[in-house]
Amino acid sequence: MSEIKVERLSKRFNETAALDAVSLDFAAGSFTALLGPSGCGKTTMLRLIAGFEAPSEGSVFFGKELMADPQRQVPPEARGVGVVFQSYALWPHMDVAANVAYPLKARHVERGAIAGRVGAVLDIVGLSRFEGRRIEELSGGQRQRVALARCLVADARIILFDEPLANLDMHLRASMVDAFRDIHRRTGATIVYVTHDQAEALALADRVAIMSQGKVLQAAPPQEVYRAPANATVAGFVGRGSIVAGTVIDHAEGIATVDVAGHRFAARSAGISSGPVNILLRPEALRISPEGMPATVLDSIYRGPVHEVRLALPAKGQELLIDNTEAVAVGQSVHVAVSDAWIIPDSEPS
Amino acid sequence: MSEIKVERLSKRFNETAALDAVSLDFAAGSFTALLGPSGCGKTTMLRLIAGFEAPSEGSVFFGKELMADPQRQVPPEARGVGVVFQSYALWPHMDVAANVAYPLKARHVERGAIAGRVGAVLDIVGLSRFEGRRIEELSGGQRQRVALARCLVADARIILFDEPLANLDMHLRASMVDAFRDIHRRTGATIVYVTHDQAEALALADRVAIMSQGKVLQAAPPQEVYRAPANATVAGFVGRGSIVAGTVIDHAEGIATVDVAGHRFAARSAGISSGPVNILLRPEALRISPEGMPATVLDSIYRGPVHEVRLALPAKGQELLIDNTEAVAVGQSVHVAVSDAWIIPDSEPS
Amino acid sequence: MSRATPGFRASALTVLLVIALLSLLPMVRLVVAAVAPGGEFDFGAFAERLAKPAALRAMWHTLDTAFFGAVLAVCLGGPFAVAVTMTDLPGRKPLGFLLLLPLMIAPQVTALSWLHLFGPSSTLLGMVGMAPPPGTPNPMLGRNGIILLYAVQHAPIVFITLRAGLSRIPRDLVEAARASGAGPLSVLWTIVLPVVRPYVVAAAALAFVSGVGNFGIPALLGMPVNYLTLPTLIYQDLSSFGPGVLPQITALSVLVGLLALAGVACQSLALRGAAHRFTSGTPARFELGRYRLLLAGVGWLVIGFILVLPASALLATSLVPSFGVPLGWQTVTASNYAEVLVRQASTVRAFRNSLLFAGSAALILAIGVIPVTAVLERLGRRWQRLLGGIVDLPYAVPGVVLAIACILLFLRPLPLIGSLYATASIIVIAYAMRFFTLALKPVATAVGQISRDLDEAAAVSGAGTLRRLVTITAPLAAPAAVAGGLLVFMSAFNELTVSALLWSSGNETLGVVLFSLEEAGLGTQAAAIAVSTIAVVVVLLLVLDRFGRRLPSGVLPWR
Amino acid sequence: ADGKLVVYTSQPNTDAQHTVDAFMAKYPAVKVEWVRDGTPKILAKLRAEIEAGQPQADVLLIADVVTMEGLKKEGRLLAYPEADVSGIEAALYDKDKTYFSTKLITTGIVYNTKAPFVPASWEDLTKPEAKGLVAMPSPLTSGAAMIHTVTLTGNLPEGWDYYDALAKNGAQASGGNGDVLKAVSGGDKLFGMIVDYMPIREKAKGAPVEFVFPREGVSAVTEPVAILSTAKNTEAAKAFVDFLLSKDGQEAAAKMGYIPARADIALPAGYPDRSSIKVLSYDAAAALANDAANKEKFGAVMSQ
């Protein structure tokens, strides 16, 4: 059964349509990441689900129950969702325990039970000894974990995250990702997770919904979004890679043979394609080798483990990105072999 | 000649030593990244160089000229440095052109020359048509470029960046990194760049200084920091990887043979090492193969191009991180081959 | 929660009702009394009353003095705000503390002490042999003296308002300018002041409105030389006791109200598009270097001039048996204090009453203003501006007039509560009406800065509107509410003009007692009361200061 | 008489309290609530109450007759024909018995003991030696000052020219009597027109001032008492009036330092013999009718 269901949901602020007739189901116990560039409507979607905003059109259901349509909205306090905010939204005038206990008090849980529950939740997020701390005395990661604990304490069936890691540094981020994954396993809650960091989305979610300009472009499991993006925008947003123009030589259901710069290779395809197409080439499927597409080195940047090399194909404006273990001299001519490729459906060749 | 030279520089706030007797030279035209966890003193170092704080001990020189010691400090307006702040620090009451023109006006450049110079700089950062815009009407990336333009307009020989990209999203960040690299090429200024994002530091700088608790742990070119970290802290902070305990079997200058979990392989070393050592193993140097160290799969996470697999070695608490193109079943037993390793100097085996 | 839910509509209506009751109702009642005395509309007579040359002249004087007084107040309070907030000036906290005191001394007392200070009878000038010969016109009399004292009296308002803005300027903005090659003064001029322009304008507007409504200063400095402002003209018209007096003075009050509204309108005009929201970080700070001591000296000199000199003149007066007796070892006496603090039951009662009335008004406003602002925050900008202007009105009209409005409103028994007239409640209500704006402004700013997700986080935690108000908004806005309450208390404690018509036996206030002593020619006893009130207020502030160490910074304006 | 009695008065606080205490000692059943303020303000309060339809006061005890005359014209005063006026000059109460004077407060000349000469006549204030040194209360602020002006202009041969001369001599008309006292005892001014009891009282405390009854005579306000036609407790109100006019009431006034209205009560210390005080008369009805004109005239003359 789908736990959350939004139907033709739209939200307009003055003239801008922040959300544009989006329909999406969130299965019970699923972990969906909403991914997209700044301003694409991710936060708006979340706020509509939480009940902070009223829809301009369309409706939000929890199970079979109508939560919101343009006329009537169930107020947020009656929806029983948990929300973790980017800014943490911890109350500075309460200590850690009081912050976490608040949802229980608001729901009139009996006094005796509260302390035990708060202790248990703080244990889960690894903050058992911090109960009496003031919020100001916590580091960013600790704050985020308090916010998480506050959201978990009430056992909400639905948990919404709005870029919970955006303000944390890389190392804290990695440890929090682990914490989130762990929480999902433990609680089995339905999670909607907003982020603009694709690595986070891919690592956490069992489904990624890519949004752009108020619409959902693709909603699919992470591997599918990475390996078989529905269009060029999705391809550009998720993962590194280059899109080059090619021609289908031979076509079959699922696999086609394409020609790029005189070199032929196999490419996965969504159905049967023919003629000129756009082909997505991920860096890890490309390798400098004695034969393959001829290309010239544009530049080479050290990125920790590897050197990211930018190459120019003979056709004007067509570029490739590959990772190479060694630095390559700029201007050098090389050949590139292709081990995997994807024909982007639904788009005019560039 | 070194453009900036700090000598035994210390800065104390009440009891905390934000900077602890740091000595470092910045060569003319160099691009140094200060990298380190939050609170390690990066910003403090920058502020001492810019003249916003007075040193508690030690001194700052520009060329041969003394800029600051505990007694006397040249005020910031007389140092001729450019600074780009994390918060952009644009003045909300001025439009783009006025913000950029300010340093020229403050230095009494004649009126006629200002407009041309401002136009030229806005051109460089790609904001030619934005002169009359109010700051509030700009996106984050555009704001950061205005801040950059403002810093460039006065042709400062020294430019200081304090986490200029921390507030930007991933895609904007990539494009700004390109802009910074470009600026460095054009101006040949001496750049000090504070960040806690190692990818940024490695991609931009020709030297990375790793800081921790007010001290500089290592200052070296990016590849050296990545491949041959001076100690475990640096190794942990830069790049992914695992540190495992091993024993040196055979030792020579530069290369030693080590034994880990019964498997032997070659490891680079800073000098001659012997006995028990800590060995850094980067994921890209490890591969699941028919032979090698025996290990058990702990978990496997999809990270876009690859699956990051965590493995347990037989010895308790010892873990490995490898990247694998395919998912691996948790609990499975595998063997891991090692193609590169580094013996961490200067540390007790764990 | 969305803006249009029925719950929000209900609370918005309640708030509009509260504002209407506290601010609009008295004004409307006045306008009715002005245009329709006795229930019949007569616009002709209304216009005629306003067109009198005396009224026009007084209006001009009011504008003139209030405007330049506000400008001078900004010139006086501004540098102090900058020095205390943004520099390492030695002793900046005591300086800020002392600068606030003029606000706590009743205007007529201030005016009186300045008159003494520069008059032929000046004890202090006499000691250095510089007292002007008898018969020399007092230089404080007339326009310039009024402007000067408006500046002194209202500099604290400017100081408090401006400080709130200055302390929010993130230091990067200043440092970016310094790195651009601008020296500290140039940074102040080109960056700091433009950025806090909204606060400067707000401070000036508040000072202007305060000047428009001031009675005590022009009464002592203007009336003797026939330099009348609207409030003093109104007072003078009161003495023509005929049946036409009410329409006449209410008509003039409408004029005062219009002036105040004009001030508010100018304010919103000056602020169009100037509301910069910045995430405040570490506040900016300038090093004064070798000018530190020099500037500190200047600061103390100014404080000495505007506070210490007048206050010591007052003290000297309170220590002699009768006015005009020189202060010396033979003449010094505590009899005035004994008389007012021990012997006269009414003054002791007045101390208690004023503490009680001002305290209750401050408490009611400090608490009540939080839900009001929480709702205001959700209404649009336009509503906020409009309501902000309305709330200013009872503060701007002369206190006597507000008192008359209260009599007109509350004399007849009201349903449920009966007649409030001649009770303590009417004074507290009148105080609440008059000083509503003082409590509202700081709290509105503070609530506007509370991030909305704090409230939303509480909502998803299952807390309803009321619970959120009590557990989240109220504690977060509490510091500002304390500051607002403090302002209200300090202003009401010495208040005279409102309570003058509203007190009844047993309910006399300090201002009333002080003025009546003054009127009866017992100036030395009046001085003793004035000195005692200053002492009480200072002690109170010092106690607060003690607590202030534990309060978040910015609650107490001098910390 | 019993019940609650509301008195509006312009007597100074302490005096009002003394008066009321003395009355209540005699009529313990009556509970007096009194409100005190300057005449203009107490009248404004009353006006507002009238406008709101519910005047609160039963008894009015204020400084001057002119105001009473005005209220009488509007029909706001209750006649009390049975009042006991024995021992009080007929000029001191209304012929319709609506208001009754209770004491005499005369306005004469005060001078600072440092003054270059001792004034003895109103004319002395226009002497060159007094140039710029004279203060007087303004009729625009004080009711007593208005009556003083009307009295002087009506009795002095020069009429308004006297004030013209004062103005030319730099006399300053400002505030009330308290302000004049302060100006003269403080030495800002050396001469002033002022009500009698203030300088006499302050002199006793050591202030450097002296009071003079000028030879042409003095003006006087008479602190009349009246019952409002809307009074709720006329019984007690009448008792209050009777008390003020009685011997006890009059002696109480003398004890406070005022000249009592009854001729058979001795003057307080510091005053000359009653016979040596010459009180100039004026026409209250005319003063009321010309009130606005007089104020305008005064304003025009004094502000030059």
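Order of writing sets the chain letters: A, B, C and D. Residues in each chain are counted from 1.
The working rule: contacts are C-beta pairs under 8 Å (C-beta built on N, C-alpha and C of every residue); 3 or more make two chains touch, one makes a residue touch a chain.
Quick caveat, the model's predicted, so the values are computed rather than measured.
Peer 1: Counting C-beta pairs in contact, which comes out ahead: C-D or A-C?
Peer 2: The comparison resolves to C-D.
Peer 1: Return the chain whose centre of C-alpha atoms lies at maximal distance from the corresponding centre of chain B.
Peer 2: So the farthest one, by centre of C-alpha atoms, is D.
Peer 1: How big is the gap, in whole Å, between where the Cα atoms of chain A centre and where those of chain C centre?
Peer 2: So the centroids are 54 Å from each other.
Peer 1: Counting only Cα atoms for the centres, state how far chain B is from chain D in Å.
Peer 2: Chain centroid spacing, chain B to chain D, equals 89 Å.
Peer 1: Where the centres are mean C-alpha positions, what is the separation of chain C from chain D, in Å?
Peer 2: Once rounded, the distance between the two centres reads 36 Å.
Peer 1: What chain-chain pairs meet the touch criterion?
Peer 2: Pairs of chains that touch one another: A-B, A-C, B-C, C-D.
Peer 1: Given the complex with chain B, which residues does chain A contribute to the contact?
Peer 2: 37-38, 139-140, 169-171, 196-199, 202-203, 222-223, 226, 237-239, 282-284, 301-306, 325
Peer 1: Applying the document's contact rule, which stretches of chain B touch chain C when the two form their complex?
Peer 2: 50-52, 75-83, 85, 87, 89-94, 102-103, 106-107, 136, 147, 150-151, 154
Peer 1: In the complex formed with chain C, which residues of chain D make contact?
Peer 2: Within the complex, chain D contacts chain C at residues 12-14, 17, 33-41, 43-45, 47-49, 51-54, 56, 67, 70, 74, 112, 114, 131-133, 138, 140-143, 170, 172-179, 181-182, 184-190, 198, 201-202, 205-209, 291-292, 295, 299, 302-303.
Peer 1: Over in the complex, which chain C residues touch chain D? Could you list them?
Peer 2: My answer: residues 33, 37-38, 116, 119-121, 134-138, 220, 223-226, 235-236, 238-243, 245-246, 249, 321-325, 331, 344, 346, 400, 404, 407-408, 411-412, 421-422, 500-501, 503-505, 512-513, 516-523.
Peer 1: Sort out for me which residues of chain C touch chain A in the complex.
Peer 2: Residues in contact with chain A: 1-2, 4-5, 7, 451, 453-454, 456-464, 467, 471-472, 475-476.
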